[in-house]
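Shared between the two complexes below is chain A, which pairs with chain B and chain C, respectively.
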Partner chain A sequence: MQAVTREILINKAAELLGNGTVDRVFGWKKGEFSYDVTPALFTTREAMDADFVFGDFCGANFSKYLVAETRKEGKVLVFLKPCDTYSFNQLLTEHRFDREKVYVVGIPCSGMLDTVKIKAVAEGIASVEDNGDRVTVHSLFDGDVTVSRNDMLPDRCKNCKSKKHVAYDELIGEDGEVIDSGRFDEVEKLEKMTPDERFAFWQNELSRCIRCNACRDVCPACTCEKCVFDNPDSGVENKAAANSFEEKMFHIIRAFHVAGRCTDCGECSRVCPQHIPLHLLNRKFIKDINEFYGDYQAGAEVGSRAPLVNYTADDPEPAEAVERSHHDA
Partner chain B sequence: MRKISLDRINDLFAAIAAEFRLYLPVDTNGGARYEEWAEGKILSDELNTVRSAKDFFFPQTENLMDFKTEGKKIEIVDTRSETEDFVIFGVKACDVRSFDVLDRVFLAEPQDSFYKNRREHSLILSMACAKPHETCFCTTFGIDPSAPMGDIVCYKTEDALYMDAKTEKGAALLKKIESITVEDNGEAAEKQKKVIRERLEKLPLHNLTADRFGGDKTAEFFKAPEWKELSASCLGCGTCTFVCPTCQCYDIKDFNTGHGIKRFRCWDSCMYSEFTKMSAGQPRLTQLERFRQRFMHKLVYFPANNDGMFACVGCGRCLSKCPIQMNIVKVMKTLGKGEEKNV
Partner chain C sequence: MQRIGVFVCHCGTNIAGTVDVAAVSESLGKEQGVVFSTHYQYMCSQAGQDIIKNAIAEYKLTGIVVCSCSPRMHETTFRKTAAAAGINPYMVEIANIREQCSWVHKDTISGTEKAIILGKAAVAKVNLNAPLTPGETPVTKRALVIGGGIAGIQTALDIADAGFPVDIVEKKPTIGGKMAQLDKTFPTLDCAACILTPKMVDVAQNDKIRIFSYSEVTSVKGFVGNFDVTIKRKARYVKEDVCTGCGACTEKCPQKKVPNEFNLGMDNRRAIYIPFAQAVPKVATIDPDYCMMLKTGKCGVCSKVCTAGAIDYKAKDEYVEEKYGAIVVATGFNPISMDKFDEFAYSQSKDVITSLEFERLTNAAGPTQGKLLRPSDGEHPHTIVFVQCVGSRCDSCSEKGKEYCSKICCMYTAKHAMLTRDKYPDTDVYVFYIDVRTPGKNFDEFYRRAVEEYGVHYIKGMVGKVSPEGKKLMVQASDLIAGKQLHIEADLVVLAAAIEPDKSARPLATMLTASMDTNDFFTEAHPKLRPVESPTAGVFLSGACQGPKDIPETVSQAGAAAAKVIGLLCKDKLTGNPCVAHSDEMMCNGCSTCEKVCPYGAITYVDKEFRMPDRTTRVRRVAQVNEAVCQGCGCCTVACPSGAMDLKGFAGKQIMAEVDAICR
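What follows is the complex of A and B.
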């Protein structure tokens, strides 16, 4: 269950609209079912009373929307969960939006539920009720199913890296701490595989890719004005795989491109229609960076220089890095 | 109607696979998908596959022709080959209807010979939807999930599979597997139909209507102010178009192999920034226009050109898969309500 209610957020938003701090609110709009929540702008209390929601299915990371929002006139209120604030800082570090045009209210997060997992426990979802440790899924035809809330969390929330807000103008509720999570456990499992096993793992996962680009389009680290893969003049613009290696190329190149900038928000895996665990590719890079250059969390602070763009005399030589990665394998 | 008990369903698949390539939905860690049957493959219990069945007739990519160059000579190679007959098992009513939508596009003159070849060689074994989901709204488009179209209609109960031939091709297949099936009076299937129809009443989208839409509505909806808000948080990804059973837009490109050219066709998406880019540029400059195009095509332009047939079958895939949970139902409810929308 989330620690803050929609009423608290609506009241806060109405207050900030009323006193002229902001002129619009970026929030969550209710849909047809308990889980289909859409990011939306609100400008009046009436509109929020009618449609604003906050709950277990508000997982979307709003930070990237600020790139477009801050190009408009006026100031926007955005509610950010702890993990969203890392993307916020990273985007600021990359000068992707105007900080003056945003008012950030940090809100606590108890982990968002994974719709795919909810749908796996019951067929035909009438509604979902969060009772704290347990979640009850009311199904259309088969009655109620009650399950452990923890089991309904996506990997990114099960292995939440931080309950601490690293950016905000104002906080609702108590701030949390950075968590010593088990988020690299899955990566370690992959590292322990033989190269052939690992290749087979990714082959199996990535073969499902339909190249919808949702992972790229939702990624707060992917904010190029024109992606090279959308540019017909680039020579690599491609809507189709030329061969069976192509999809791997796309995802591996993307992982390289966001290495050192990826905050591990997990949006890529949330939106993948084929449930490809894309975040594991990024986590491998994060883990390697931590091991080669010392612990580094992208977005922890504004203006930090990522190890990959910052030379120090202590950096391992490339050959040494390769050697170490062989030990891992 | 023929019947086979579920504990012998493997024998049924083996018997069909002895004659034809047989495809059926199987579970993967990414949801159900169609795979070719082989010993050990188990029919998925999922309501539907993540990707639609359109892939069988309109694959995501295919080679159309090759050009081989040698000096100044160019040889054009026809890469088409006659498809063998194949069977798709377990297609749901929505996806079966999607084939009618696709036929309107690909079998209109000039006919698409690649598509036609595959359509003619297919045998569809459809399956009634015993337990529709909250995202289902096929009835909005006049589809009956308790009685899908297809060459053979199947009903799966807890212990048996019932098969009813609807075409000559279907009857011929049932004849071939006569020895492992028994005659059935159809009572069990009727009973399931009744249960399905009762369940449809309970679906949250049961009352959704497309009455406000149709081929004559361009002027009414094209400039509707609601498009702005509806499209505001669209990411511009292609998920909705690629999981959609009726989206049929494609691009044709040449791939330089170094010693020739492969001309291939691949799915394209009206959501993409370079979709239908011409020498003068992309005609739809912002996501609002791209977003509008998708829904206007399904609800207005397609019916305008196809005797009123809507290009949506209510399968609900876009409802499940859109990263921002924007979809055709929200569009229909927002635009369709007109003046009442804020009530």
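What follows is the complex of A and C.
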């Protein structure tokens, strides 16, 4: 269950609209189904009373929307969960939007539910009731099914890396701490595989890719004016994967492009319609960077120099990195 | 569509010995865009170059591939050849089929195959080459010399002599450096001050030279011909233009217990001080660590005795910003700390001293007025042991000391030994050495005089231990030639401490993006052919910051550095390298990644208004490359997430075409 309610957020938004701090509000509105929540802009309290929702399916990271949103006049209110604030800072580090045009209200988060897992529990979902530890799914065909809430969390929430907001203008509720999560456990399992096993694993996962570009479109690190996959001059422009090699190259090129900048927000895996665990590619990079250059969390502070674009005398020699990768293989 | 000519060089048998040049020429003749292909014995010869020129005219070539030696050897030659025949020099590509092919292959079959592949890659690249024109930048006709020792002084004087203004930045209150602390100089034994101070006065009187003493360089931006430098002028609490250097304050200051760094702490000075009599500028400086007025607000004696009214307790650090066309590094050296050499009892006995301390003990302006007296009891020492190579020529795995030879110690020790025997014939002098190294004009003769005429006991072997016993120092050493252990009761032990670059050099190198070796000596652009230039354009090296040097060598290098600076400042404009990065502004995100990886500070950002495809206008932050600063290293092109950065002459597409040609 989320610690803040829809009403608290609407009241806060109405207050900031009323006193002129902001002139529009980024929030969520209901889609076709209760679990089908979509980002939306509001400018009045009436509109929010009618459509604004907040709950267990408000997983979308709003940071990236600010790139386009701040190009407009006025100031926008955005509600950010702790993990979203890392993306927010990373985008600021890369000068992708004007901080002055955003008012950030940090909101606590107790983990957002994974629609895929909910859908697996019962068919024809009417509504989902969150009772804290447990979640009851009211369904058309399977009746009411109650399951452990923790089991319904996506990997990014199960292994939440931080309940601490690293950017905000004001906070609702108490701020949390950075968590020593087991987010690299899955990566370690992959590292322990033989190269053939690992290849088979990724081939199985990536062969499902339909090149819909959802992972790229949602990724807060992917805000290029012109993406290489849309650029005919790049030689890797957008096209349906003609063979399994191209599928892999798309995701590997993407992982390289966001390496050192990915905050591990997990949006790529959330939006993937084919349920490919794309965040594991990024986490492998994060883990390697941590091990080679010391712990680094992209977005933890604005203006930080990521190890991949920095030099210190203590950096390992390239030979050491090569040596280690052989060892892994 | 390009019309490409391929020219395969035999290089005598260097290439033709392992590569079938005719086969290479024939094969490359069939590549896309190639309209002419030939081979010749020496392409770099006049006749070879004529073949290229004639082919350009006859076949209307637009691009050239020369399969020959490394581009480091003859790329410039062939570019000039092409330019002379009327095509853009950057339409020339070199396929290195010598160093990277014929020299490393044993059999003709694999050598020829590889030469063809390398040639194909070059042809693929030339197909995508575009003519490039280097830009020009103006030159600021002013030089900066960092360091005011003999190296910096000589460089500054020579540059000023050619008519260019020079600024010297010296971190100490006076110029003069280490040479000012020396007594006599080898091999002629003239007094250091007698030959140095006239030069210091020349600097002071030269209206082309400004001295920023008690100052440090805090930031360097820009590039060759156009450096922007910030100099911090530390507060000396004495108005430099008002102080007459009378010295009244330095006599009346009640704070008498300040270790005198000029005499290496062997006596004391006041909190307000002038380092030595011939200091330039002859201006007092207040030491804020010891001045009672600055620390507690109680005292003010110097201000009362100063008839000129030069004292200013409220002075603050000031920052000067100046533009320079060239920068000379002359940061010099220091003896290493003796802390790690406990076997010589340096920290246990006052009578174990370093050679630089010995210089001060024999100097008339030193703590003993030039009388050689033991620091512990002021008595005349009768047995002196000199130990060579303390911290020099150490094992690479040894925790202490340096691997290199400090170069100057053999000669100054011979000088110390000789002068001691000359002045005090009743003194026994022993010198323990690993080798005596005396190459240099009149150097070996000098050393032999010490041994033969002055009876200095030179003993091949190292001192193992020095232990203070009462008033004596028990020296335990080995005589390698006699093959026996020696025990000497010495009154004074002098350690020839290794020298190392000044500690200020490392941060300075970072500011200048000038490279250093593992010992923090500045690296020269070429160890043999460009010894006074750093690899960073516009940054030059003078004196011991580049490696251990004696005075004659330092002065020659200082003059050489000055000549290079003058050569640069004489030019009104500099021609740049056209193979520089450029950003496609329509693709640039303004994310600053390229700026972070750029080692030269060549990238800046501007907010620019763009008309977008949807007909709106938008102000976007985009990267701009200063083509005069960019060295074409390409870091930005790989770091750029959106592929907006590319390198002229080495575009991503060109490189990919080469790779494709190799993999085909």
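Points to keep in mind about this one:
We adopt the following convention: the second predicted complex is superposed on the first by the 326 of 329 C-alpha atoms of A that agree within 3 Å, B and C clash if a C-alpha of one lies under 4 Å from a C-alpha of the other, contacts with A are read in each partner's own complex, and residues count from 1 in each chain.
By definition in this document, a residue touches a chain if its C-beta (ideal position, glycine included) is under 8 Å from a C-beta of that chain, and two chains touch if they have at least 3 such contacts.
As the structure is a prediction and not an experimental result, all values here were calculated from the model.
Shared-chain residue A:R211: touches chain B; no touch with chain C. When the two structures are aligned on the shared chain, A:A60 is found in touch with chain B, with no touch to chain C. Judged by the number of chain A residues each one touches, B leads among chain B and chain C.
Applying the stated touch rule to the two superposed structures, the overlap between the chain B and chain C interfaces on chain A comprises residues 226, 231. Here chain B touches chain A in the complex through residues 28-31, 33, 47, 50-51, 60-61, 131-135, 199, 202-205, 229, 232-233, 235-239, 241-243, 251, 253, 255, 264, 266-269, 272-274, 277, 319-321, 323-327, 329-330, 342, going by the rule given at the top. Taken together, the chain A residues at the contact with chain B in this complex read 31-33, 35-41, 50, 60, 65, 115, 119, 123-126, 140-141, 205, 208, 210-214, 216-218, 226, 230-232, 237, 239-242, 270-271, 273-276.
Those residues of chain C that touch chain A in the complex are listed here as 586-593, 596-597, 605, 618, 620-621, 639, 641-644, 653, 656. Touching chain C in their complex are the following residues of chain A: 71, 93-96, 223-228, 231, 233-235, 257-258, 261, 305, 308-310.
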